[in-house]
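Labels run A, B, C and D following the written order; every chain starts at residue 1.
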Amino acid sequence: MNSEICKILKNKNLSDDFYLLKIENNFKEVFLPGNFIHIKIEGVFLRRPFSVAIYTKKFIGIIYKKIGLGTEILSKKRKGESLNILGPCGNSFPIFENKKVALISGGTGIAPLIFLSSELKKRKNKIYFFYGARNKKLIFSEILPSGIDYIFSTDDGSFGQKGNIFDIFKTYKDDYEIIYAAGPEQLLKKVSLYSSKKPVYISLENYMACGMGLCYGCVVKIKEEGDGKYKRVCKDGPIFEGEKIIWE
Amino acid sequence: MNSEICKILKNKNLSDDFYLLKIENNFKEVFLPGNFIHIKIEGVFLRRPFSVAIYTKKFIGIIYKKIGLGTEILSKKRKGESLNILGPCGNSFPIFENKKVALISGGTGIAPLIFLSSELKKRKNKIYFFYGARNKKLIFSEILPSGIDYIFSTDDGSFGQKGNIFDIFKTYKDDYEIIYAAGPEQLLKKVSLYSSKKPVYISLENYMACGMGLCYGCVVKIKEEGDGKYKRVCKDGPIFEGEKIIWE
Amino acid sequence: MGIEKLRIKLGHIELKTPIIMASGTFGYGLEKINFIDYKKIGAITTKTITYYPWEGNPQPRIYETYSGMINSIGLQNPGVFYFIKNILPKIRKKFNKIFVSISGRTENEFIQLIKIMNKEKIDALELNLSCPNFEKEQKMISQSSDLTYKIVKKIKNETSIPLIAKLSPNVTNIKEIAIAAEEAGIDMISVINTVKGLCVDLKKMKIIDGGLSGGCIKPIGLKCVYDIYKVVKIPIIGIGGIIKGTDAIEYFLVGASAIGIGSGLFTNSQIIDEVIKSLINFLNKTKSKNLKEITGLLNEKKGKNR
Amino acid sequence: MGIEKLRIKLGHIELKTPIIMASGTFGYGLEKINFIDYKKIGAITTKTITYYPWEGNPQPRIYETYSGMINSIGLQNPGVFYFIKNILPKIRKKFNKIFVSISGRTENEFIQLIKIMNKEKIDALELNLSCPNFEKEQKMISQSSDLTYKIVKKIKNETSIPLIAKLSPNVTNIKEIAIAAEEAGIDMISVINTVKGLCVDLKKMKIIDGGLSGGCIKPIGLKCVYDIYKVVKIPIIGIGGIIKGTDAIEYFLVGASAIGIGSGLFTNSQIIDEVIKSLINFLNKTKSKNLKEITGLLNEKKGKNR
């Protein structure tokens, strides 16, 4: 992991309270799908973690939702300003080849799955991308990789099918070999409890302090001998096997 | 006193670490020379006080020096951004008519004296404006009122006379009826102790918390019966008669 | 607007809003401040008054800290006689409810003050029990449960004016102190006074040894209210680091019946309006009839009879 | 560069720099962090180790506050046996000087830990005396001067490893505690541990009751070091809210001989470099030969023999 000062190349409102932030990629390290960056936003004490959504040699892109003070300040930053960023943080999604896989995303969960899907595509996987959003405006088709089957759902039915993405997912014939999911905890929990026959990989979003595995603030309880054990989401995660999580 | 949100019209570097900030004048109240504004700068807890240097119905101008975190953040604000400002704060310089007066400024002390000099001019005073600065670049001639006699001095002799402005002032024939001074505490102290025969009005710059006369944080000791008494610089001042101050 | 929902009762004192201006941060409320809507203030607490006039501490008196400030004002005030003659009548004209903060260096000074204040029409007396070197003790009254009990008891015997004990957070166990005050008959508790802190002015190479206030101490204030709520039945006025509207909600949820605004006003001129708005919104959102319903909502003790 | 000016001695322990990584905020120092120059770290203090493995507290464990954070991690750790076998050897490879932080719920647990640690080559043992409910007491060891004296004395008799007492700021009088520790034979004091604080997560309607750290507590840490310096002769490690380079200077000026970096690293990845730079600049500017010369410079006690 490193700490770099990166110039903002773009910080644009996608729609509603969703933004796309592109920064220079000044990192020597390589990022993998599932990794996150930990951004220092002047005005709040702790850094803010965001999954990498778009990754090239030149730049790194995240998709973020304005939900509180930190993201509000972030949304006001302009092209040319700089941010101090830690990365790459965390582990990454396991990637296989030639599999039939399902990706399930709700809300901001779209971010890590965009990066993941482009890597999965390179390894010749057959991808079914279930993409749920509140409404049509939050389906960001312009940044979705091509050559993938998308199944959209919106809460208000304004795009794709109407309803919760997990309910839609369940109506499909389930012959995927691997499932990946990201988004609200409720969604991750449902996906994780849904099937124990095939691996489910999820991206967790706990509150974080250090983001470097130092403080044990971000832990999640994982099934092990005995009562289970607390693992660090920022270091041992954020990607975990769904069936290993002890949900609270 | 009121609290207003004012748009920044201009925030430009004059030279070195000196800046000119112009904001919309959204105040119903009238400002007098010597008054200051108390600016909220997001990122620091307490407001920052600055003397009004330029005042019109449309805008208010201050001249500030970047010396710490607050002024550094301020210097990065751009035209179009807004600031929350308290004003008018404090008392003002007493103004007479048809007098021969000396104004003595060092460093940022120039700010309140610019506003003062333009009012003194209107009242037909004969003004001798002693203006000291570190070097030529810090003589901001473009914002000085015309029709006034200026005596400049710089520490390095790059403009006007070489030396400290107070020393220069002393070489002049002293037949002023009133003396006004603003700038570093050492200068104010010297001017105040210099003459007890004529009134000397100075503008003090103590650390402030509320700026509204509520907290008694900004006090200065004033000669009175007994040991003297603490008066509030933000409310009873910032303008005081030099000879009344008990210097520490 | 819904502001009538914010009426509260502190014992027998009815306040139109739960906003109390904290001692020492609003002077005597007499400055002309046009941006404050005085109708939204439930009560003012005066700067602490002492028997004799006090000069206060020398400069430097204030310094900024991360999200807060240190002050070492000391109790600069003109003494109780001047206060009653020249200041109190003016406060009366401007404020509905007046809490007068008092402090003494000795038991006797406290008793003298009480006797004088007994003749005045005021709504409550706030005992500032955080005077550093009480009598020969090297501590504040509110740093000892014995002293707290003794002084409160003595004062209670001398007056029928409702009494508030203002406590310092600088103690090993704040619960003990609160219990002592309650057992001695205090009517209310206000917490917290400033937290002991020190700053270094590297430019002037000076230290400022004083009391910390502002946003930085909010978690300390919340913790004290939370702990005290568990062990007393009397109302608690929550003070410390309320600089945004939502900060006030937090104090109610852990056990406060009213809140005090101190240095929050210095950093946020809209704080009073924001608190009113946040509280009304919260009551509406949670379908609560009044503030009493949300007092202590997140405290395990809520539910037990109070 | 001048970094050699920053060498210090804490008792007999020589450190290349006065920067000590505070317990619990740097794990066991084993994460791969490329932006840290490990040569600039004087010593690492490990996350507190207990006799038995501890699971730590459930979520939520952290929450942000104004200029700081609350944590309620609890002492999650794998226990001393696992630590010695699997972790300590790795720390040795990476760090010059190792301070191991230990804690026990009983006197016996402490003694057991000491006996085990006696066999290991480490540079110091930091006694985390801020475990909440020691034995049957409803307090931490460092909230009582008697307990502090008793436990430190017992431990001192069992070991020749240099001992550091890590004190809590949540006491009425920190001087008493520091004196008790010194009288019992402690070699150094480190202050402060986190300040008791509480947060309300209004979105999740949950409270987080824990310890406050970060910039917000710097004035509290400075005040504790300032007070303790006046009453003890042993070195003080100043900890609390060092988030900028110049913050470290302030700790030295009030009496610290070394400083600890805790959550400052979370908010400022350059903090170690900044501290080094600020200290060197300050020594040069004030024409001081070493850090000892500036320790306590703004404390009235400076000058008196130490």
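The rule is short, and it goes like this: a contact is a pair of C-beta atoms (placed from the backbone, for glycine too) under 8 Å apart; a residue touches a chain by one contact, two chains touch by 3 or more.
Keep in mind that this is a model prediction, so the values were computed, not measured.
Chemist: Could you name all chains that are in contact with chain C and with chain D at the same time?
Modeler: A chain counts here if it touches both chain C and chain D, and no chain qualifies.
Chemist: Quick one: report the Å distance separating chain A from chain C, using the average Cα coordinate of each chain.
Modeler: Computed value for the inter-centroid distance: 46 Å.
Chemist: Taking each chain's centre as the mean of its CA atoms, how far is chain A from chain B in angstrom?
Modeler: The separation of the two C-alpha centroids amounts to 54 Å.
Chemist: Roughly how many whole angstrom separate the Cα centroids of chain A and chain D?
Modeler: The mean C-alpha positions of chain A and chain D differ by 36 Å.
Chemist: For chain D, what residues touch not just one other chain but two or more?
Modeler: Touching at least two other chains: 65-68, 214-215.
Chemist: Quick one: label the inter-chain contact graph as line, ring, star, complete or other.
Modeler: Graph shape here is a ring: one loop, exactly two partners per chain.
Chemist: Which chain pairs here would you call touching?
Modeler: So, checking each combination of chains, I get A-B, A-D, B-C, C-D as the touching pairs.
Chemist: Which of the residues in chain D come into contact with chain A in the complex?
Modeler: Result: residues 24-27, 31-35, 47, 55-56, 58-69, 71, 73, 76, 214-215, 263, 265-270 of chain D touch chain A.
Chemist: Which residues of chain A touch chain D once you look at their complex with the stated criterion?
Modeler: Interface residues on the chain A side: 1-3, 29, 40, 44-47, 84, 86, 206-221, 227, 229-230, 235, 248.
Chemist: Which residues of chain B touch chain A once you look at their complex with the stated criterion?
Modeler: Chain B residues touching chain A: 42-43.
Chemist: Spell out the part of chain D that touches chain C in their complex, as residue ranges.
Modeler: Touch residues, chain D against chain C: 65-68, 70, 138-139, 143-144, 170-173, 195-200, 202, 205-207, 209, 212, 214-220, 222-223, 226, 241, 243, 246, 249-250, 253-254, 298.
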